[in-house]
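Consider the two complexes below, in which subunit A is the common component and subunit B and subunit C are the respective partners.
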Partner chain A sequence: MTEMKSRGFLRDNGLSLVFGALFVATLVGQAISGTADFNAQQIAEGLEPVSFAEYVTSSSFGVDVMENWQSEYLQFFLFIYATVWLVQLGSTESKKPGEEGKETDKEQKVGRHADEDSPEWAKVGGWRTALFSRSLGTLMAVLFVLTWVASSVAGWAAYNSEQLSRREDPVTWPAYLAEADFWNRSFQNWQSEMLAVGSMAVFSVYLRHRGSSESKPVGVAHAQTGQSG
Partner chain B sequence: MKGVKGVFVGYLVVILLGIAYVTALGLMGR
Partner chain C sequence: MGRAARFRRSAAVAAAAAAVLGGCASTQQPEVERVATAFEDPAGDPETRCDLLTPAALSALEEQASQPCDEAIEDLPLEGGEVESVEVWGGDAQVRLSGDTLFLAETSTGWRVAAAACQPNGEAPYDCEVEP
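And now, the complex of A and B:
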């Protein structure tokens, strides 16, 4: 396959750019509504309200952002790893039944089976091909760990400032990892991701969205697996 | 593919900066 001809930066990257812009817009929305919500609680507890700048540089804002990030990367990490070994008959999110596993070098176009335009690290073999063969799942796993740690550190600081405002003792970071606050924040985000992945996997069997890469072509049979429009 | 690589790197940079920023807020006890 030859390289697709560029149709200009914006059209070539529409999907990533639009979602990047939506990310920024919704993050601003979170910051504005978060400040208002935080101040409503401050006032209810007889404490001083904070400015917008103070709120977006607080660990309270930080943990609210990061607890959602970590669950997204957990979702993608699990989804990427699970779809190597598990299938869903009829789903666009699945390989065909019988293709479970890592597949042969020929099917994966690795080493001497690589095409002329295959990535260099798919051709060379050795540790570089081994690493490149796992790079997407590994990046998601690393980002999950980093974001989860970041959410625990910010959650710890936010928890301690609440403890102090109630004249209760602050806790150490390891002690925070055993607190219900940390696990409640983690699980409440995880459960929604698991439901979303399962929904996408099974809804795409019987339903269609004309023109979407996340859907089968409208007329394709329900039993047809791993085909996107 | 040059522009695509820029978007790829841009996403990574934003994510890593976000992680570093939130971790720093927590470590500073803000």
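And now, the complex of A and C:
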């Protein structure tokens, strides 16, 4: 297949740029609405409102951001690993039945089967190829662990602040990990991620969206797996 | 960068992250202690001590006692004592003295006592004589 010529930085990277901008815009939106919501609670408790800068550096904002990030990375980590071994007949999110597993080096263009334009670490073999072969899933797993720990620390601080405002004793971090607050936050985020993946896996079997990389071509059969565009 | 230096830098980054995520509490501790001990000091000027209450706690005290704070404060069971522990989380704090437990809140004019003469109450919130 011939390589398309680059059509300029913006067109070649439109997807990342648009979603990067949307991420920034929605994070700012969360910060603004979060400040307003926090201050409404402050006033209701007879306390003073805080500034925008104070809110975005608070554990309350920190936990609200981190608890969402950790579940996104968990979703991708699980999805990447699961799609090695599990299939969904007819889905664009799946390999074809019979292709389960890590596939052959030839199919994966690894080591001596690599092309001229294969990434360097796909060609060299040894630990570099082994690591590169798992780099996507590994990064998602690492980011999940880091953001989950961060959300537990921020959640612990936010929880203790609420404890004190309710005239109750604060708890240690290990005690917080056993608290319903931590697991409630974790599970409520996780359930939506699993729903999203499951929904896409199933919907993409039977429904189409012409031109999207997430959809099979409109006229392709329901039972056809793994095709997109 | 050597391994030891890299480890120290990672540890410092982790500590900084924990401090930011936790709301930078440790820098507030001396001020929280000062306010709590000044409020509980029986030799302190009553008006100064009353200024250390949050507006909500002040008006609740005056309403409950049916007298101005600087008179009511003399009758309160504020035993004071040595500082045993200080917990600061965001804009809330708890100070345990040998004779009393207080809860404080951060206001635009600094830390103020939100509840005092508090007794533990099992799993339930502390039972406080002075509170909104």
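Throughout what follows, the second predicted complex is superposed on the first by the 225 of 229 C-alpha atoms of A that agree within 3 Å, B and C clash if a C-alpha of one lies under 4 Å from a C-alpha of the other, contacts with A are read in each partner's own complex, and residues count from 1 in each chain.
To be clear about the criterion, a residue touches a chain if its C-beta (ideal position, glycine included) is under 8 Å from a C-beta of that chain, and two chains touch if they have at least 3 such contacts.
Predicted model only: the values in this text are computed from it and were never measured.
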| item | value |
| --- | --- |
| Contacts of A:D12 with subunit B and subunit C, given as first, second, both or neither | first |
| Partner chain in contact with A:G20 - subunit B first, subunit C second, else both or neither | first |
| Partner chain in contact with A:S58 - subunit B first, subunit C second, else both or neither | both |
| Subunit B versus subunit C as contact partner of A:P217, first or second or both or neither | neither |
| Partner chain in contact with A:W69 - subunit B first, subunit C second, else both or neither | first |
| Subunit B versus subunit C as contact partner of A:P97, first or second or both or neither | neither |
| Subunit B versus subunit C as contact partner of A:L143, first or second or both or neither | first |
| Which superposed partner A:G198 touches (first subunit B, second subunit C, both, neither) | neither |
| Contacts of A:R166 with subunit B and subunit C, given as first, second, both or neither | second |
| Overlapping contact positions on subunit A, where the subunit C interface meets the subunit B interface | 57-59, 62, 66, 150, 153-154, 156-158, 160-161 |
| Subunit B-touching residues of subunit A, taken from the complex the two chains share | 3, 6, 9, 12-13, 16-17, 20, 57-59, 61-63, 65-66, 69, 143, 146-147, 149-151, 153-158, 160-161 |
| Of all residues in subunit A, those that touch subunit C in their complex | 46-48, 50, 57-60, 62, 66, 150, 153-154, 156-158, 160-161, 163-170 |
| Residues on subunit B engaged by subunit A in the complex (per definition of touch) | 1, 3-4, 7, 10-11, 14-16, 18-19, 21-23, 25-30 |
| Contact footprint of subunit A on subunit C as seen in their complex | 17-18, 20-25, 54-56, 87, 89-94, 103, 105, 107-108, 115, 118, 120, 125-126, 128, 131-132 |
